[in-house]
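Shared chain: chain A. Partners: chain B in the first complex, chain C in the second.
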Partner chain A sequence: MNIGLYLQLLVIGLSMGMIYAILAMGIVLLVRAVGVLNFAQGELFMLGAYVCYALTVQLHMPIYVMLIVALLIFVLFGTLFMFAVYWPLRNSKWPATIIISTLGASVVLKEVVKLIWGSVPVVQPPIIKGVLVLWGNVRIEYQYLFIIGIGSLLITAVFLLFDKLFLGRAMQAAAQDSYAAQLLGIPTIVTTALTYIISASLVGVGGWLVSPLFLVSTSLGSFLLKGFAGMVIGGLGDVKGAVIGSLLVGVIESFATLFTATYKDAVVFSVLIIVLIVRPTGFFGQKISEKV
Partner chain B sequence: MKRRILSVLVMVIVLVMLLVACGDKKDPVTTEKPDTPSTDSSSGGEVKPSVEPIRVGVVTTLSGSNSGHGEYAKEGAELAKKQINEAGGILGRPLEIIYEDNGETEQSYVNAAVKALSSDDVCAVYSNGYSSQIELVLPQAQKYGIPYIGGNSSHALLEKDYTYYWMLRLSDRYVSPAMVNACVELGMKNPAILHVTDSYGVGMADYVEQAIGEIEGMTVAARIGVGDNEQQFSPYLTQIMNSDADGIIAIQHQDQAALVMMQVDAMAIDLPLMGCSQYASALAIDTAGETANGWYSLADWTVQTNTETGKAFVDAYRAAYNRDPDMQSVTAYDSMYLLKDAIERAGSDDPDAINKVLGETKDLPGAMTTYTFQGDNSLGTTIFLVQTENLQGTLKGLVTR
Partner chain C sequence: MKLLSRRIWGEEKMLNIKNLCAFYGSIQALYDIDIEVQEGTIVCLIGANGAGKTSLLKSISGMVQHSGTIEWNGEDITNYNSVQIARRGIMHVPEGRHVFPGLTVEENLEVGTINWRGFFGKRRDADELTYVYDMFPRLKERRKQLSWSLSGGEQQMLAIGRALMGRPKILLLDEPSMGLAPLVIEELFEKIVAINKKGTPILMVEQNASMALEISDYAYVINQGSIEISGAAKDVACDDRVINAYLGVHAGQC
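Up next is the complex of A and B:
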């Protein structure tokens, strides 16, 4: 038994799981707040990678300045996204309207990125270089440890926001019953906008974290599928479930490479199907009865 | 509401999973159609414009994430066209190139290739598509009776008896033993093979493994095949590092080659590294940057070529485009001269006549190699052993078939 190999694969899997968790959390927040699956979440993730590439490589900003400017851009973009894609359609009688709107937004975002940066992939330099050599050939890239660290911080921050802070409780209240929340003086337009801003910022940072490991290209949007898988495995609408489900997806994917490289994605989605058969609500989801 | 959302989500994921299971795609989200063909009929001053041109089709990637390949190919073909037309054309007629954009998917490649093959008066087609793409259209080339020259190198295509298919490069069957011999010289006795799982990657990895098996005391530590849309190589490199491998032989296309070089560097892997031809391509080196330095490669092309024709091509290309030519440039360039030679020997641009004399090609000096019919419809005869130093392939040796 090669402990070193398993340890390295575990770290790689957990770090990729963190990325999927950040994506899944962004989706769950929107599902809880406005009841909409955002199919453009992957493209917001891709946009985050491109924005950080532009600020770092093209505009040569130091990392601290880059992070502040990038966060401001994500805030602006989250707000714009809400008012362009969700707000005008929020009262539509057909529930799929907003889902289709997000699908359209994903195409638009991809094309806009191609117009600005071209279709040839670009390279984002490593945020942190170097490897931690534990013993022999057992080496772990600092980049993966950095992703795990930042991912943990973001996840903790989201939990604290919704469990400990008044703002988070107000956002939850508005999400659960906007009419009652408005009667209590909670402005739902603000809480909804905040949810979109937090969601866009989360995935934007996720895009920045992952960009040095991959080429920055429009194909980064495909990460959304793993985020979806993590969210469903954990339980739709549950932040804790989304995080645990996503970490599981990352680890399964990493260890699947021991047996198959070509079909590792198929392994992940096979697990998803098995979970849905055994426990249709996911690990942490609750059975929801449709009200008449 | 949540149940509805869950239903929609599950349907989407199952559909995507089915697509994953059905086969690898270049890019699962891009479905660009090929551009409308553009005809560039500009010719040099030496050829009378009223004369009917000789038309050659070029199928390459002019849009999407791989458009860099097509840009190099187009530049190479255009340079050859300019030189040929300025020197009087072919049989006194100007050369005209009809470009078809093969997009990013296999379907769009087939559409573009069939369009080129069915164009009026096209006497031959050149394409720098991947082996798996070219394989799809060879029955059509056979049906139309148009010579189809490929810039690919998969030997499997030569074994399928397509008489209108011509391989410009030295096939992997002959490159692989040379690659293994070079690995031995680098001190490898137990290398790992990391390869892409398309027709090109599997075919070449098979030949490499076979060549390793024929060397006494040499074994394969691990053989790992990854899909052509894989971007994360850390788990595979981790497995290689834990397999007692004393070197890595890597077989990928340009984008993946760049990622492998970057991730090998990020993991601080200190083993002898040997890549296929793509590891020395300008596109891969441009993307990988400093991390490309140190890699060895059996490359079809290096700007440090030591032949007169090759040097003249490099000078002309730099003067025309202010950058170094890539393998995609030189194969497109040479294919135009190969066709010029064939048409002149055939005395006409009749596709059947051209196809017949292509099989009689002997000692034709090209920029990349000297072309001679090999009996199996391959024409290339040499390949370079290079090591990337200061972001350029430094010539270390020449291997002849």
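Up next is the complex of A and C:
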């Protein structure tokens, strides 16, 4: 009986962890490429949920068409976001300028969404209906398994892009030293735009995945905080660390509900504080500080 | 006049810079610089800190706001951006090496092929890779190592090797000897001469004036943003002003 409960909690934890990992990965990619924390990442995530809601519920698109249209919209969002929020300020002498502009973007996105869809939360039906009954009353909703599947697929895809493809290597190079990259002939505007596109698409799909589990509302943006927590626990700036840290956050959060449902966020952030006290660089931070 | 210059310089001046001025915002760093690099030669620019040597190289590679004309094999490249310039085989090895710290040595070299390979081209860099590894065997020994862990000399070799991967038609070297031990500098300069012997012209900025003049064919002395002295390297090395300002006691060979 207990094992069944733990298994359920583990699956839920891992699936939420996947969502946080997708968010954290998007942030880390941008931090590495342009050196800026993107505070609007949570709003891009929320926007992803709203776009998919509009396409499936309001426009009645079948899932395959919806996915293609949604991805195109995310690519557009990523590009627009880069040219509106980052590009005009990239030569600013004050590094905080871009961070503030991302804060501004997050407010703008939230308000635009409220203008279009109103402030009443809307409901997105599950992407995959049904429940997997393992034994007795140990039941796992397919939606959670679906999130874990798609999440790991996306994360693996990003790793493969940066590890195996020459394009990814050039993007890594441009992220590590944009001056040298330009001298070699890497068009850094393209690599930066691609990073924004990948980041926006990742969180957009993340928003789609999570939307059936929660109501689609502007408060989805606050998921970013858990992504941040995962990223810091893993070690700021390291993609692998961000993924592992986020999965950890998801599992901790889900097992915290054994003791308290109301204060599960408090438990997560207490763990974050403890990690920061014991290991300020996060679990994978050391390697990075040597690297840079 | 044109005929005379052809007689002296040969038919092809590869790189021909006229009236170059460079600006950082409202501050002017270079004033009416004229410089030429001929096929197969080593040209060095010497001068004090802040004289504008690096700004000159940065203007050529399109990284600094500038005016005047920069001609490359007869093509006006003055207003090209860094990507277009790298595609023409003008490879700039920046001051302070700037290797990609989180990539391995071999990955660094692979990225150097971007200017002719593009993002999606096939990997056909075997020839370049053997050339670089023959030139710098130490890089081959360390090819799986992340490049931040290399020593300064090895990083400089990697930076030059990375530029060699881009099939350079000319190399712009900015302070290759900076921060290196004398023995390492000597080895490095031998390599630079060897690269030049294989047919790649080199435009080099150096603080180490005596060594730079020794291996160069032609030299320019920059002071406060303009050319003060120019001529064949051995003549420049015997110029009193150069001896006093840059060479000191080393100028025994005149």
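Just so we're on the same page, the second predicted complex is superposed on the first by the 285 of 292 C-alpha atoms of A that agree within 3 Å, B and C clash if a C-alpha of one lies under 4 Å from a C-alpha of the other, contacts with A are read in each partner's own complex, and residues count from 1 in each chain.
Keep this in mind: contacts are C-beta pairs under 8 Å (C-beta built on N, C-alpha and C of every residue); 3 or more make two chains touch, one makes a residue touch a chain.
Since we're looking at a predicted model, the values are computed, not measured.
Once the two complexes are laid over each other on the shared chain, residue contacts for A:Leu215 go to chain B alone; chain C is not touched. When the two complexes are overlaid on their common chain A, residue A:Gly35 makes contact with chain B while staying clear of chain C. When the two complexes are overlaid on their common chain A, residue A:Ala180 makes contact with chain C while staying clear of chain B. Put chain B and chain C next to each other and count what each touches on chain A; the higher total goes to B. When the two structures are aligned on the shared chain, A:Ala229 is found in touch with chain B, with no touch to chain C.
Contact with neither chain B nor chain C is seen for A:Ser101 once the two complexes are overlaid on the shared chain. In the superposed pair of complexes, A:Ser201 makes contact with neither chain B nor chain C. Legend: residue contacts after superposition of the two complexes on their common chain; A:Leu167 is shown touching chain C, with no touch to chain B. Overlap of the chain B and chain C interfaces on chain A: residues 290. Residues 61, 63, 82-83, 85-87, 91-94, 98-103, 107-108, 110-112, 114-115, 117, 119-121, 123, 146, 148, 159, 162-163, 166 of chain C are the ones that touch chain A when the two sit in their complex.
If you check the complex, the residues on chain B that touch chain A are 1-6, 8-10, 12-14, 16-17, 20-21, 24, 27-30, 63-65, 67-68, 197, 224-227, 229-232, 234-236, 238-239, 241-242, 255, 258-259, 262-263, 266-268, 287-289.
Taken in their complex, chain A has these residues touching chain B: 2, 4-5, 8-9, 12, 16, 31, 35, 37, 95-96, 99, 110, 119-121, 123, 126, 129-131, 133, 137, 139, 141, 143-144, 213-215, 217-219, 221-222, 225, 228-229, 232, 236-237, 254, 257-258, 261-263, 265-266, 269-270, 272-273, 276, 280, 288, 290.
Within the complex formed with chain C, the residues of chain A that make contact are 166-167, 169-170, 172-173, 176-177, 179-187, 190, 290-292.
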